[in-house]
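Here the chain labels run A, B, C and D in written order, and each chain numbers its own residues starting at 1.
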Amino acid sequence: MAVNLEIKLGPLELAHPIINASGTFDVLAADKALEEDLFVSFPFAAYIPKTVTLQPRAGNPPPRLQETAAGLLNSIGLANHGIEAFITEDLHRLESLPVPVIASIAGEETEDYGRCAAMLDSREEVAAIELNVSCPNVELDGRALGLDPEKTRQATVLARQATSKFLIVKLTPNVTDIIEVAAAAVDGGADCVSLINTVHGMALDRYSLKPVLGHVTGGLSGPAIKPVALRAVFLVSRELDVPVIGMGGVTTAQDALEFMAAGATAVAVGTASFRDPLAAAMAPELGRLINEHGIGSASELIGVAH
Amino acid sequence: MDAGLIPAELLKCAVVESRQVGAYRLISFVAPQIANLAHPGQFLMIRMSGNELDPLLPRPMGIHNVESDLVTMLIDPVGKGTARLAAAGIGDRVSVLGPLGMGFRFEGEAPAVLVGGGIGISPLKLLARSLAAEGREVRCLLGFRTRKEAVATELFSGVRTDVITEDGSVGRLGLVSDPLPGCLAREPGKPTPEIFACGPSPMLAAVARIARECGNAAQVSVEAHMACGIGSCQGCVIRGAGGYLRVCNDGPVFDVEDISWQ
Amino acid sequence: MAVNLEIKLGPLELAHPIINASGTFDVLAADKALEEDLFVSFPFAAYIPKTVTLQPRAGNPPPRLQETAAGLLNSIGLANHGIEAFITEDLHRLESLPVPVIASIAGEETEDYGRCAAMLDSREEVAAIELNVSCPNVELDGRALGLDPEKTRQATVLARQATSKFLIVKLTPNVTDIIEVAAAAVDGGADCVSLINTVHGMALDRYSLKPVLGHVTGGLSGPAIKPVALRAVFLVSRELDVPVIGMGGVTTAQDALEFMAAGATAVAVGTASFRDPLAAAMAPELGRLINEHGIGSASELIGVAH
Amino acid sequence: MDAGLIPAELLKCAVVESRQVGAYRLISFVAPQIANLAHPGQFLMIRMSGNELDPLLPRPMGIHNVESDLVTMLIDPVGKGTARLAAAGIGDRVSVLGPLGMGFRFEGEAPAVLVGGGIGISPLKLLARSLAAEGREVRCLLGFRTRKEAVATELFSGVRTDVITEDGSVGRLGLVSDPLPGCLAREPGKPTPEIFACGPSPMLAAVARIARECGNAAQVSVEAHMACGIGSCQGCVIRGAGGYLRVCNDGPVFDVEDISWQ
């Protein structure tokens, strides 16, 4: 029995629930390095490029990566060539992707979100906008806008005023009460929340005993944080009425199954793509598992754990 | 070698050879596609197949040699990831993505001076073979800490090699960069020698300085922590002359002038 | 060259920096099951029994444990036979331990901390008191007193008034700003802070797709959370003037080395004891590593990463 | 068997036998101390030696058999931890703590009816041997899902066994509890038979009900997720008649009356 894997994420109709996590898969770079025709056989049901900001950012000093137990610490620091270059250079190349493109934007202050959203509002290549209010690698102490419910609300309000596109707000788990922050985003006009960005962490260099990352602290991703992410998805999706995009350590189709059961409408794969570039192609296996559980379709799976 | 022409594959390959070479482990696996495409200086992202999540990510590994269907790597077990790979037994499977990155570029006919430090000697084998096949004069300076590492010199039989050890237990006493200036003079009727180097950062910095002082072209293969290996994550950057460079995609082999050396 | 491993934790003179994490090692049970004479060759430099509360607690419904990637989720729920039984039954059995005993107490309201501390103040077997304000498994949504800086301060003040013993406050990482909470504890009179208790998390049962833990959510421990713990220890010890007890995923002597470099005066081993009951005995190896780094003594190692 | 008399050891033991028995994997390792001390129904906490952190914790495993220096376990690879153990090859090392817990208690001379479901048959082998050695009459009901699992019956050669499969592919069709009532009647001149059972919870609940109805004493070995295995963490509790019981320390073998069955 074939399971219907299609899901609706607001106005977006996705062929299946598996998308990529921003910053972990660059289709333009991967297409070049892998010489598979990724533009023809694209594994994800939507594509989220790396977060862009008003001004280009060089990113943080290296080292930027450190593996930890079943996890990865990164301090990339939103390295990107700026929203203008994104619009003029990248967007038309992404146009030929067979899936919707969700642009991810971030700012240093709430106003930046409005400005960036305004710049994208007229772009037809952009199916939806994700506000990344949760990157822990911009300020030295890992402070992101999204740590503060009120600032999260404001950034969302400003973006909402600037665009009618489907608006996703991507939240950080590094808060005392993630439901409160999620509610603030929805109150500000978010159509959807994305959970979770990386968890605050740090590692020392084995030899020097100094912080290994050039930025001192970083964000933890990968299987290690799956329990943290699953809890956030479960609690927020139970409490709020908007769809949730779940992510954090999703490595196998079984993980995706569990995130959807916990309440996610779509599931993003991040660090697992580094482990195995084919992890992206987990949708058929997800279908098999859904079937095995006697569930009729992907959309019926959403929230069965509640 | 245009990056657009580097195909890659994610393969589960069977290990068919696993043996100790002094301090290092030499492991070969069957991977016809990779063997066919590999260019000297390119690398693989490799891990043990299986669903255990620690170690989590593949490790970047240079290609030591290719021989018909076989790809060989040489591993210095410095940590958990390399130790796990070094423990691979015959019949075990490795997951491999590659060949990746920009390898050594070689045009012209200049004599080649290959400089390898420690496990950095690994990619020089395939490089030496390829250069020789193009009719170029090849000379290797191989530097090691002690006799134990220097055993790996045996992998370079047939190539002109000088061995240097930090404790003098084999070959010349000192650093591999010590004899380098003496190999760089242009000989009558030949082009100026070109340097190809791989090894720890301080060694590469010394090579860069010597190349500048002596006026020789030099390419170096550098290391960085990697996650994706394909330019996706921006994690593997080093400081370049004009901003950050991705080691996996822009390198791992760079012209010395493109790197910021302070 | 022999490294001096002794450290001072306030008035406590410890033979080395390795102690156990509360709730993960029960010397009375272990002594019975293992029939090693743990009372003679005790591996830790101090002993912290499981947290006790005013009233006995049966704990949460099973299942209470689930392994995750390099981690362990638990929802024990402070199962204990109450502070009275602890005093009358356990304490005199612990008297013969060759190391100081640090009693761990918790309450449902701030006043409980004062009451429990008062009951322990006169007990000579108790060398110090740890206030566990951070157990995520008491309330259904994981809400602990320690999520709120002001309640943390209050609980500490009340305990401080009730006892002159060395007072440790054990904090939760599940807050937006752990420095703020740590500062509140110190302001309330804490002599020392313990970092970190478990990280909020959750898992689903693979087959039923329902929450696997009887308590729905739980606390994540083990190597998976080491980066989170190391960051907390680094930031808090850099900011505050009290000694820090570091814990969270410590599995090897190398981990202990890093926690001390990050700023911990003592290091507690928790989940690793389940993996390997001999993990406790890491002090000699720690000494070897300290020596290898050319550091003269354990106390000189503290905070070298700052 | 007083808990205070259960010594334990944390050993790194070499695997010397590893073979498939139908759906299960039989693995033996050298552990003289454990072999010497093991009592039927006790268990081990066991994992592959090594510093990889996934799987993180040891898994509780019943002791299937002991033979001079050798300890044997029978593994049903249901998840990552058991799959990793089942993949152990000859010469690999396992870290083992044990023997742990309160095993089956046997006093008196009643005929013993052993009931095993699936992998729950594992501890019944040593139990059957020990009971027989004490001169007791032993009869085994072994229930499996299919022929594939039922292959493990071969491990009980020399013992009187009845095989029951859920699909009827071997032996009697049905559940292992179906023929149980027929084995419980007191025979003239003998004490009332006593039940010893191990298997999945629904099977144990059925056994408990039947034992109550027929008036036989019964001991059951139950399962729970474990972390410490030694009573330290309070993680492995089940509902007992008078509050929570720790499976690792108070059990894993309990009298049926001590457990709350709803």
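Keep this in mind: a contact is a pair of C-beta atoms (placed from the backbone, for glycine too) under 8 Å apart; a residue touches a chain by one contact, two chains touch by 3 or more.
The model shown is predicted, which means the values in this text are computed figures rather than measured ones.
K.L.:
Measuring centre to centre with C-alpha atoms, which chain is farthest from subunit C?
P.N.:
If we average the C-alpha coordinates per chain, B ends up farthest from subunit C.
K.L.:
Just curious, how far off is subunit D from subunit A if you go by their C-alpha centres, in Å?
P.N.:
46
K.L.:
Let me have the rounded angstrom distance from the C-alpha centre of subunit B over to the C-alpha centre of subunit D, please.
P.N.:
Comparing mean C-alpha positions, subunit D is 54 Å from subunit B.
K.L.:
Which integer distance in Å separates the CA centroid of subunit C from that of subunit D?
P.N.:
35
K.L.:
Mind pulling the subunit B residues that touch 2 or more other chains?
P.N.:
Correct list: 51, 53-55.
K.L.:
Tell me, which residues of subunit C touch at least two other chains?
P.N.:
Where subunit C meets two or more other chains at a single residue, that happens at 69-71, 206, 222-223.
K.L.:
Which of line, ring, star, complete or other matches the graph of chains that touch?
P.N.:
Topology of the interface graph: complete, with all chain pairs in contact.
K.L.:
Per the contact definition, I'd like the list of subunit B residues that touch subunit D in the complex.
P.N.:
Touch list, subunit B to subunit D: 51-55, 80, 84.
K.L.:
For the complex, which residues does subunit C have touching subunit D?
P.N.:
Of all residues in subunit C, those touching subunit D are 23-26, 29-30, 32-36, 50, 58-59, 62-67, 69-72, 74, 76, 79, 206, 222-223, 251-252, 271, 273-278.
K.L.:
Taking the complex as given, what residues does subunit B use to touch subunit A?
P.N.:
That would be residues 3-8, 10, 47, 51, 53-58, 79, 81, 95, 97, 100, 224-239, 243-244, 248-249 of subunit B.
K.L.:
Would you tell me which residues of subunit C are touching subunit B in their complex?
P.N.:
Per the stated touch rule, the residues are 69-70, 223.
K.L.:
List the residues on subunit C that touch subunit A in their complex, please.
P.N.:
Going through subunit C, the ones touching subunit A are 68-71, 73, 141, 147, 174-177, 199-204, 206, 209-211, 217-218, 220, 222-228, 230-231, 234-235, 249, 254, 257-258, 261-262, 293, 304-305.
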